[in-house]
């Protein structure tokens, strides 16, 4: 490049800075932005439309009778009481099983475990299990809980299955909650002569409890919608009674929905839509509960 | 100082036991699948399974060719991926490159909401709304078909792909983006020529995990894809997936210990192997992303 | 071009100036903000054609921000904004309607940490500039060789142009980034602490390179190393807390600084 540049050349160069027709990159960027935003909004809008249509179909069915009746061969008379009861039983039992196991495993991994092959094996297993299809859990439960352990097609077997399914999620959420507790607190407690289990029980767990509860409630709201493993374990489609003990046969909301949608009559499809609405409301309620707990945590932490 | 108290020791053991439940679960799954399948393979040799193209274990004339079921799974998965991959990656690009922080947070919450919709709902939509629409738009769409179920599966999987891909795109160092802008590149060129290639491993992992999820999905296909095991590449036809078959037989009156009962586990073994392989590949890709592609 | 600044070009010419030197770029009343924070509080500064201008000062004084305003990179940070003017050959690059992409084609940049594109080979990295702009160079191989020779990297990599850009050592990667910038034939080359991530040997190579490039480019180098500024720069500007404290020929600034704060910085009393 030569040092001296003629004035006309300078002016020609300068002209490139002045606004000309917008170069392709500008309109290209706007097109890309719009295309990507559309890609994101499209499924959300589609689902909103579908929900609206389902709600319309479900509306005539949604009343108190629906919630308190037994299923029936007559679509208009059928209700979801056994399904609601079954789901409630499952929720409670699954929580009772998954919380101690999940929290215990997380506490072990975070507080007690030393880095080594055993710990790595456990962690690899947990992350692997998170990717196993839920129907496979149903197979495991069929052989181990229903047949070998003799639980039969009971709500207990269903709860055990769901607990195993949720375990990886609960463990991960609990571990994250435990990690938010600063190490200095643990060390302070140990320095005061406490044993590890006392530190856990009196210091760490109480502090991480809200995070644990949030994680558990969120995973329970997932469990409420699970169908495939319950099918394998023998949740029945036509149950005309409310479960009375852990050994009762049972049904659940998603099973009932599946049962009704599989029938050819359109009237049952409306029932399925109505039951779906109830299911979604239940899940929303659980999610809202988790959010509430989380907000209480943030407010408490701010003090 | 003496050793820890009995309470401490017992607590430690109890907690270890809790942690081992996960190992036991894996062991249990593998054991259950292998033992029942072994009994199955003792009667039905691998040859019959791999070389037959019909699956009729419950009929009098029993065929055990696995391919109709695998084909059904792959066809519905392919339909799902046609929707989930472009929309998912495009969503990730929007979230990571174009959206302002408050918009990004709001949209991510919406995506999480989408991800928590129960699969029976997607099945309902596939059967009641997508299939009738397809029947209006295309000729020859049967009332149970792979396409409707697949499209809804794609919508279900989209949040997974979008979220994981967005992590990968977000993780591309800003020094690379700035280097590209400093060279006079526009936004579009930077995204396509610098950012996406750098995020490729992470995006690939996201897609593979999405495929694994689609392969293992049961309810959407059980409701809307059909119960006809047929080997076809035409998504307008009814097919039966591995998962739908397993569910169907479970709901029936097949007594335990019979050959028909064992088919559930043989098919389950095939399903488990496929998803395991996919998950391992995805895990390997994500570890490469974490180690950094910067050499 | 008549200058319109308040700080005159020093009449004591630096390093054998035989005739008055033109300004290639001129910063006029430049203010730069991150949100409401002013990182630059009104800078007026000439950048002379085919000379090396060093920007020195303690951390946080705004050196990098200044340089990033010269190729309109500053505004890419969310919440960042600019007031004032920056003239390139007399034209304000911040005039409404000016396309920043056009600016960056004429004002190239080399960053503090070498950032070759990891998914591209050495050859593709050098050609990245044209390719990213959607331009197909007429003779890509000739362009690659010319740029790598200018960056004093050709002999070391000519046999392995297909290897990944990140397979080189740190110093080589930085020279690759310089080659990449030079491939676009910019008029101005901005270098933001280009040697701070490199070892002394690599640093020396790059300083040598700056000497070689000087007759053909207008170079602005940000450095926190005063000895480096003394070695490579014709003119030096000292910044402190977002303000330009002193600007003059390098020898003058280091040996006879006029501002007390400059003297304190140079003698190591702070920073």
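Per-chain numbering from 1; labels A, B and C assigned in written order.
Operating definition for what follows: a residue touches a chain if its C-beta (ideal position, glycine included) is under 8 Å from a C-beta of that chain, and two chains touch if they have at least 3 such contacts.
All values derive from a computational prediction rather than experimental measurement.
Here the largest set of C-beta contact pairs joins the chains A-B.
A centroid comparison over C-alpha atoms places C as the chain most distant from chain A. If you average the CA atoms of chain A and of chain C, the two centres end up 52 Å from each other. In terms of their C-alpha centroids, the spacing between chain A and chain B amounts to 16 Å.
Among the residues of chain C, those touching two or more other chains are numbered 101-102, 134. Residues of chain A in contact with two or more other chains: 23, 25-26. Among the residues of chain B, those in touch with two or more other chains are 185-186, 189. Of all the residues in chain B, the ones that touch chain C in their complex are 100-101, 173, 175-176, 178-186, 189-190, 193-194, 197-198, 200, 293-295. Contact residues of chain A toward chain B in the complex are 23, 25-26, 28-29, 32-33, 35-37, 39-40, 42-44, 46-47, 50, 53-54, 57, 100-105, 107-109, 112-113, 121-122, 125-129, 131-140, 142-144, 147, 164, 167-168, 171, 195-197, 221-222, 224-228, 231-232, 234, 237, 254, 257-258, 261-262, 269, 272-273, 276, 279-280, 283, 287. Looking at the complex, you find that chain B touches chain A at residues 4-5, 7-8, 11-12, 14-23, 25-26, 28-29, 32-33, 36, 86-87, 90-91, 93-95, 97-98, 107, 110-111, 114, 116-121, 123-125, 127-129, 155, 158, 162, 185-189, 191, 209, 212, 215-219, 222-223, 243, 246-247, 250-251, 256, 264-265, 268, 271-272, 275-276, 279, 283. On chain C, the positions that touch chain B within their shared complex are 71, 73, 76, 78, 101-102, 104-105, 108-109, 111, 113, 115-120, 128-129, 131-134, 164, 166-167, 177, 180-181, 184.
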